[in-house]
Structure formats: C-alpha cells, structure tokens
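Alright, structures below, take your time with them.
Both of the next two complexes hold chain A, though its partner changes from chain B to chain C.
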Partner chain A sequence: MKTYKLMKEDFPQFLSLLQEKGNLYGPVKSKNHYSFEKIDDLSKLTFNYTRTLMGLKKFVTPPRYKVKHFDKSGSEDIIPENETNIVIGAHPCDIHAMKILDKLFLGQIKDPYYKKRRENLVIVGHSCMPDENCLCTSTGTDMVSDGFDLFLTELQDFYLVWVGSSKGLFIIMSSEDLFSEKIDMCDIAEYTTWQENRQNSFKTTIPFHLMPDIIHLIYEKDELWNQFGEKCLSCGTCSLVCPTCNCFNVEDKILINADEVVRERMLDSCTLPYYSVVAGDHDFRPDRTKRLKLYYTHKLKEYIGKWGQPACVGCGRCVTYCPVGINVKTVSNAFYEAIQCVREVKKI
Partner chain B sequence: MISDRSKLENPYEDHLATIIDYRDLTSDTRYYKLKFVDPEIQKHTGDYRPGQFAMFSIPGVGEAPFSISSTPTRPAFLEFGIRKVGSFTDALFKKKEGDTVYIRGPYGNGFDMERMEGKDIVIVSGGLGAVPLRSVLLYLEDKRELYNNVFFLNGARTPDDMLFKEDFLAMHAREIIETHLTVDKDPTGEWNHNVGVVTTLFEKINGRVDNDNAYALICGPPVMYKFVIKELLEMDFSKKNILMTLERRMKCGQGHCGHCAIHGVYTCLDGPVFNFWDYERMVELI
Partner chain C sequence: MWTSEHKPVVGVFGFSGCAGDQLRLVHMEDELVTLFTTAEIKFFHMAQSHQEVDHVDIALVEGSINTKKQLEELKEIREKSTFLVALGTCACFGGIQYLNEKDKAFEERFKHVYGSNIKKEDFTVGEAIPPQPLCNFVKVDAMVPGCPIEKDNLLPIYTKLIKGIKPQKYPAPVCVECKLEGNDCLLLHGIPCIGPVVSAGCGAICPSHNLPCVGCWGPYEAANYKSMLDKLEEIGVDKETALRKLKLFGGSKAEEELEKVIK
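So, the complex of A and B:
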C-alpha cells in the first residue's frame, strides 16, 4: 500500500481538490448528532466526532429511493447516473460495514442499484478515537486495510495518507505537490505512539467471539430472550442506524396523474411488526421476542456462516440510539452473564 | 424465464406476460395460464425446475411471489394456482383474458428431479400445497419411464375445496401415477374417493414403497407437515429424502431484501424446498 504524508496546513487545499473531483460529503454536526452531509462550506466539516447517525449505507442503500418507473409505454429501471460522490471522514468500522454490504449486494447476484451507487462512491477514511460505546476491538474492526480509496490518519502536524485503490492514487497523482513520500523514522514513531494510545483508549469489550456458540446453545431458552422482547418498542431504530442492516421493503406509488407509477425501495427492519407476515395474514414472527431473536442471531451468529464474519462492526450506534437499551453490548453481556455457572469448569 | 439471473445486467429484469386462460378452481382460488409477449422470452418459458417460483408484478400494486404450477416439459406457457388473500391478489383477480402482468424468475432451488430418477416417489399435498406439486406431477407424467413407483396422495377439506380436482381425477383415471384423493368431509355426497385426513391415505401405499430408494415431496398447511412426516418416518424414509416446500414473505427473490431469512438461510435462495434435516436443525422452519 502506498503511503504519503500530507501536512496539516495543506489540508484545506486537499479538501478543495476533492471538491473539484466530485460532490463532497463529510461529517457535520446537526443538533445532537453527526451525519455525513453534502459539503458546500468547508468550515462546517468536523473530524472530531465518534459516529454519525447513519453510516455509509445511506450512500449505497438510501433510506428510500426509486427503482422503477412505469407508464403507458412500458417500464424503465431507475439506475443512478454516473457521478462521483466523495465521502470524507468514514471511520474503520464504517468501512468494514461497507465491505459487508458489498459481499451481500455484489455477490453472485449483483444488485444494479447498489452497484452503480457503490461505483460512484469514493471513500476517504479518517482515523478516530473511541468513546465508551465503541466495541470495534471486540469485533476485530478497529483497523482497516482495504475497502477505502484513501485513508487519513491524523497526527500532530500531518496526516498519513494510505492509498487503498487506483481511484485514490489518481486523486494523489492529480495534485502531487501536496503529498510527500518522505516519511522519516520520527514520523513512523509518531504514528505508532498514536496507534498504541488509541488501542489503550478502548474502554469496552464484549465477549463477541463466543456469541455464535452461545446464541446457538441458548436459542430456545426464551426467558433469556424475553427480557429484551418485553422491553423492545419495535421501533426499528436499531436497524436504521446499524451500518450493516440492509433489509428493504418495496412499495408502488401511483403518481397524481394516475398514469404513472414509481416503485420505491425503503429500508426495513426485522423488528417491525409486519416483517414476516405473508398473504392471508399468517405471521411467522408474531411477537417481539421472535423478531429480536432474528435480529441478533442474524447479526451476531448467522452472518458468520454466510460470509465468514459477524455482521456487527462494533460502531456502537445501537448502543447510543436504542431508546430502551437493547443493543449488541447489553444482549451479548446478558447472555454471557447467564452462562456464568457456579460449577467449577476445568480447563482441558 | 431466465434461470441464471446472475448473468443479467439487472437481475430484477421482468417481462410482460399475457393471461391466455383462467378459471376458478374453488371459490377463492383461480387458475391462470400465461404466455410471454416477447417471442424471444417466450422461447425460454420452460427454463425452470418444478418447485421454483416466479415474482409477479402489477404496476401500482407491487410484487408478490407465486409457485409455478406448470411443468418445464410443456414449455408453451406458464400455469399458476392463486388464492385471493391480500391486496396483490385482489388486483390480480380483476384481470381478465388478454390482460398482462410482469413476471420475473424463476427463483428458488426447486426440486432436483434428475437426482430422483430411478427412485420411488411419494407426493403428499394438502389444500394449496397442490399448486407447486402439480408441477412435479405433470413432469413425472411426461418422464414417467425415468422413475420407479410414483404415488400421489392429495387432501382437501371438501370436494369443492380441492384445487385442480378435474386434473387430479383425470390423473387418477390415466393411472400413469397412482393417485389417491381424499377430503376431510363430503357435504356433497357425490365424492367417490376416500374421506378422511390425508394421512389416512398412507395405508394404501404402506409396504409398497422401496424406502431405501424413495423420495417424499410434501406441501400443505403448516399443521399437515407434522402428521405426514410422522407417517413417513414410520415407513423408514430417509430424512434427507423427505422434501418439503415452504412459504415466506419475500420482496426480492434473490437473497437481498432479508424478509425470508430463517437462521442462516434465505428461503428464496436456499429454499423453498428443504429436507427433514433442515427442519430438525432449524426450529422455526415450519
């Protein structure tokens, strides 16, 4: 991986360079949360933040978007135009989440709507410091080595710029005078010191690696699940903010002229009441406990079987935003505590 | 139909099909026969397996999955048996001969008919379960010489509730497949076949199935599976050879929308045909 040094005084110029290349998005504070927004005024950008409300999924599976248009002459797919959307400020967990979505939507069957939006997206990652809700050391997503185009590690006077793709290298090449390949030993020492400091800043760990087995073994112990099922509001916030939740619903909308129809996709959540209802009103998951079981087995266990890793990236969004405290941390900890047995277990 | 959807630029590509025939099967279930409008697509109508399903689309109403009821061995048209149970089917039932719907598919694993060649096959259906299994039955009639004994056990609540009743009575008469029909009760008094739940038909085939080399294909209401599976296990059927086809909510048909997930599998990709081992290891399957 090519790595460059970008001096902090040159950073505004770098941002202007990105703006020339495409539509620039980045983290902006709005009321009590941060979110990736279109940047027209560079002074609104802030990198001293922990997590945005929604991760990068809003760029590739927006909350609601049109997929098809029908009129009397026939139908037409609505695939986004070619454009360049550059998002700066994504954290390692956000990038890991994108890699998980890529596996799903760009696997054997490629979703054309996702594919085009993904191709249009340039990801410029940014280093971060954790708060008490960050769980990415437990999920193994605290570091990232691919899935981005450029990644900036912010140090005292400069950024280390890691190049993750030819698109990223192209950006560097187009303004070479901003970037230097001369990284000396002290620069490296500054980076490793920062890295160690960051590693030591994580306050929360969860026994994540044990969850697939624990969930499998307690799956039918409903009393453990009911403590969460009884509290759950079925509001779907956890799915909305989760950077890997990608379930969608499809709805047709008849336009006011009554001659045209648009088919729209919108984010859905398996915690919402109608999620598993089939025609004739048979509901495969009629209660909240059953729906939460799906959410957490899918998130912490089953995704491992399908893609070789859990679908949680430890970003802490569910921890921050669930109004009743049901999240990967409380669920994992409750299950882990439930198996703390008084019988002495010998290590074999 | 385009079975390898990964080759399509847009796997959601659907095609206009014309309703060329329809009739009521029961008071709430209707038979539809469709043909693709585009002759190039029509050429590939038979590109599916028995047990697969298709997504119908009516602009302004939405999309919904339906089991294919015809057989790929008769590739001139597609047939479906559809019960009116919701907003999509309300709109569909307003369509008449000559009207069109969009169809994309086929989806799902379907039944591996080649694997069953040379074996005994027991087909058990109840109610609406006859719809996907009719595809298998017609397929087997057309390729009967490739299979050993084939038995068909079908149940309905009353004679008036039996889907494809005329088809199945004709099948009974043709004797290409040994067909046994039953109804839970017969208010008409004109029913010349068995009366009783579908499991009462098992005595007609007991001892006549080569259990070590046999497959059972089941589809019906959730309550039926338990009792039918019990009978099959008592007959010493191999668990991997007990195949059932299931229903779930679906929005995409290709493993992306998430609705049909059961544990680690997607009904639309890994199903809708599952075997008894799947049922045993996944508690929420039925």
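So, the complex of A and C:
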C-alpha cells in the first residue's frame, strides 16, 4: 500500500480535485445529525463527526429504486448510468460494512444493480475518534486496510493518505504536486501516538465472539427475548440505519394505463410485520419477539458461523438511534448478565 | 377475482368525512382520463350526476358510518361488490369523529352538541348512531389509510385490482419513511412524536419539518401502544396528554389496544 503526505493547507485543493473527478458527497450536518450529502459548497463539509444516520449503503442499495420495466413487448433492466460518485469522510466501520455488502451482492451471484452502483463509487475514508456508542474494537472493524480507494488519517498539520486501489492511485497521480512521499520518523511517531490515543479512547467492549454459542444455548429461553419483544416498536429504525442490513422488498407496480409495470426495490426490515409471510399467507414470525430474535440471531450468530465475523461493524447507529434502547449493546449485555450464575463456575 | 373480458366496474362511495379522499381522486389530473377509461366507473358521488348501483367489482368507500341510513347503504354496497376498499382514515379506523367515543354515553355527547330539543331520530340524513369504521360492520378487503389518501398509495392497489390481482398488504409505520427521508428520531430529542404507532404513507412530512407526527393516517397494524406510552412518559408527557394524542386519529383500533394496555 502506497502512503503519501498531504499538507493541511493543500486540503481544499484536494477537495476541488475530487470535485473535478465526479459528484462529491461528504458528511454535512443536517438538522440533528450528520449525513452523506452531495457537496456543492465545500464549506458545508465537516469531518469532526462520529457517525452519519445512514452509512454508505444508500449509495449502493438506495432506499427505493426501479429495477425493471415491463410492457407488452417485453422487459428491460433499469441499470444505473455510468457516473463517478466520490464519497469522502467514510469511517473504518463504514468501509467494513461496505465490504460485507460486497460479499453478499458480488459473491457467486452478482446483483447487476448493486454492481453498477458499486463500480461508480469511489470511497475516500477519513480517520475518526470514538464516542461512548462506538463498538468497533469489539467487532474488529476499528482499523481498515482495504475496501477503500483512498484513506485519510488526519494528524496535526497534515494527512497521511493511504492508497487502497488503482482508482485511488490515479487520483493522486493526476495531481502529484499535492502529495509527498517523504514521510519522516517524526511523522510516523505522530501517527503512532495518535493511533495509541485513539485506541485508548474506546469505552465499550463486548466479547461478540462468544455470542454464537450463547445465542444457540439461550435460543428457546423466551423470557430473555420477550423483555425486548415487549419494548420493540417494530419501527424498522435499527435495520434502516444499520450499514450492513440490506434486506429489500420487491414490488411490481402496474401503471395507471394498466399496460406497463415498473418493478421497484425498497429497503426493508425484518422487524416489520408480514416480513416473513410466504405464499399461502403463512407468517413464520407473527410476533415482535420472534422478529427481533431473527434480527439478532442473524447478526450475531449465523453470520459469524458463515463468514467468521458478525454482521455488525460496531458503528453504534442502533445504539444511537433506537428510540427504546434495543441494540447490539443492550441485547448482548442482557444475555451476558443473564448467564452470570449464582453458583461459582470454576475454570477447568 | 373477475375475468378480464369486461372492464372492471368501479364504484366510489362516500359516508361521513370531509370528502377529501374522493376529492383526491378527482385531483389526480394527470391520471384522471385513464382512470375513467381503464375501468367503468358506475358510481362516483362527487364526479358524476348519473348514478346507479347494480353490481361493482371494486367499491372504494370513504368515510365513517354515522347514521342508520348509512349503515343500510354500506351493507347494500358490500352485498353488491366483489372487493371493498376502505378509503382514508375515517373509513379505515373511524377518523377524528370517533374521538371520545368511549368517554361518555353517546346520548350525553349528542345532547352536548345539539341540545335537548333535537332527537337523534329527527335527522333528515337518518337516525344518528355512534361513528364507527366500516370494518366494524362489514368485511373490508383492503385498507388505504390517509388524511387524505395519497395517490402513490392508492394507485398500486387500484391498478392491481382492475387487473384482477389481489393486492398484498405490507404495513409499515411512519418511522420507516422518516428514516428514508433522512431524519433521526424526534423522540430522541424529547419531542412527543407518535410516528411508531402510525401507518406510513404520508412520506413523514411532519417529522421531516421537525414537527411531531400527530397520527392522521391512523394506527399502524403492529403498533406497540404499551411501549409508545412508556416512551412518551419517559420524555415527560403526562398520561392524559399521551392518551389524547394516541386517540386523536386512532379510532376504534387505538381505543381497543389502549384499553388492553391500561388494564
């Protein structure tokens, strides 16, 4: 991986360079939170933020989009146009989430709509400092070494620019005078000190690696699940803000002329009623507890079994945005608390 | 449901309400011509002068039932129709006129509004009865809530129906649209929004302008009123105000659910 130094006074020029290459998106404050928005006015960009409401998934699986058009003569896929969308300011957890989505959508079966949007996307990551809701050290997603095109680590007077792809390298090469390869020992020391400081700022750790076994063993203990099922509003917020949740619903909309049909995909949530309804109208998960069980079993058990990591990148969005406090932190903690045995368990 | 050999016959009927849902249909200027040509609209109180009810494949019914005469008419519509769609919050849940339904006896409330000289049998529009949603009297095949309905919610169901396809219901609360609009939750900022227990469809217009949802699209099918009440209490809303908020557009469904919760 090539690494460059970009002086802070050259940063505005770097942003203008990105704007020349494509549509620039970045974190801006909107109302009470941050969000990746299209940047026309560079002064609106802010990098001193912890998390956006929605992660990068809105660029690759938009909330609602058309996938196919049918009429009497046949059907046609609606694949997005070729265009370059550059998003700056993504944090390591966001990039890890994108890697999880890539695994799912670009595995053996490649989703053509995702593929095109992903090819159109250039990711310029940015370093961050955790708040009390960040759990990424527990999920092993606090550092990132691939999945981005460029990654900026912000230090006192300069940025360390890590190159993660040939696309990223082309951006650097197109304006070489902005970047220097001369990184001296003091620069390295500054980086390692920053890194150590960041590592020490994490306040929350959850041993997620034990979750698959715990969930397996307590799966039938309804009282543990019901405490959350009774509180859950079935509002879908957790899934919609989760950067790895990608379930979508498909709807065929017949147009008013009754001769044309548009097929639409929209983000879905397994916490909504009717999510698990199958042909013949049978509902596998008619109650809230059963649906929450699916959500957490999928995230913290099944996914670890299949891919060796949880479908959680520790971004803390569910922790921040669930109005009734049901999230990976409270659910895991409740399970750990429940297994605190009254009799002493000896280490063998 | 019906063969496509003939154009499906549609009837639009209106009971007690502001007639806003029928008006919403009339206001679909871009689609209006197609609306009247893809189906045979036999009865449309607001849009046609010649009206007859024989048999309709699809009945779109607006408003709540407030008189005995309306009840008879509703039963007749149900008998003569194959698929009955409740249009708007009044038809689906009872609407704002259902408010305070369980607080005092109907006679007492009637007297409060009309005085003691008028009897409920005296109305020329039929003897007054306590307002109720359609589903409390007849089988309703699909509900399109809204105050008024939004064409993007009605059209996908309507076009499926005229093609003889049974529409699938997939209810969601306002929160889903609110997140998709890019808002964080107002409840987290101590603003008493009741979006989690309210049907989606409006596109979360109010929360997107930092105004709490008042619930005009009626109850969300999977609404968790217990948790909603707890949350409102947590952010400092007293119980009486919270209940009033939830009942405002909640109609008979909210009333029933809240009764269970309070018990």
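Here is the rule we use: the second predicted complex is superposed on the first by the 344 of 348 C-alpha atoms of A that agree within 3 Å, B and C clash if a C-alpha of one lies under 4 Å from a C-alpha of the other, contacts with A are read in each partner's own complex, and residues count from 1 in each chain.
By our rule, a contact is a pair of C-beta atoms (placed from the backbone, for glycine too) under 8 Å apart; a residue touches a chain by one contact, two chains touch by 3 or more.
Please read these numbers as outputs of a predicted model, since none were measured by experiment.
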> Given the touch rule stated above, what does A:N249 touch, chain B (first), chain C (second), both, or neither?
Replying inline: both
>> For A:E230, using the defined touch cut-off, is the partner it touches chain B, chain C, both, or neither? Pick first, second, both or neither.
In response: second
>> One more residue to check, A:G26. First (chain B), second (chain C), both or neither?
In response: neither
> First (chain B), second (chain C), both or neither: which does A:I109 touch?
Replying inline: first
> Can A:P92 be said to touch chain B (first), chain C (second), both, or neither?
Replying inline: neither
> Now for A:P310: first (chain B), second (chain C), both, or neither, which partner does it touch?
Replying inline: neither
> Which partner does A:C270 contact after superposing on A: first (chain B), second (chain C), both, neither?
Replying inline: first
> Can A:G168 be said to touch chain B (first), chain C (second), both, or neither?
Replying inline: neither
> Common interface residues of chain A with chain B and chain C?
Replying inline: 249, 251, 254
> Considering the complex alone, what residue numbers of chain A touch chain C?
Replying inline: 30-33, 35, 53-54, 63-64, 230-237, 240-241, 249, 251, 253-258, 267, 269, 272-274, 288, 320-321, 323-324
>> Using the touch definition from the top, list the residues of chain B that touch chain A in their complex.
In response: 5-6, 9-12, 14, 59-64, 83, 85-86, 88-89, 102, 247-249, 251-252, 254-259, 261, 263-264, 283-284
>> Quick check on the complex: what are the chain A residues that touch chain B?
In response: 67-68, 70, 75, 77, 79, 104-105, 107-112, 219-220, 246-252, 254, 261, 263, 268, 270, 275-281, 284, 290, 294, 297-298, 301-303, 305-306
> Which of the residues in chain C come into contact with chain A in the complex?
Replying inline: 31, 34-35, 38, 155-156, 159-160, 162-163, 165, 169-173, 175-176, 179-180, 182-185, 187-189, 195-197, 210, 220-224, 226-228, 230-231
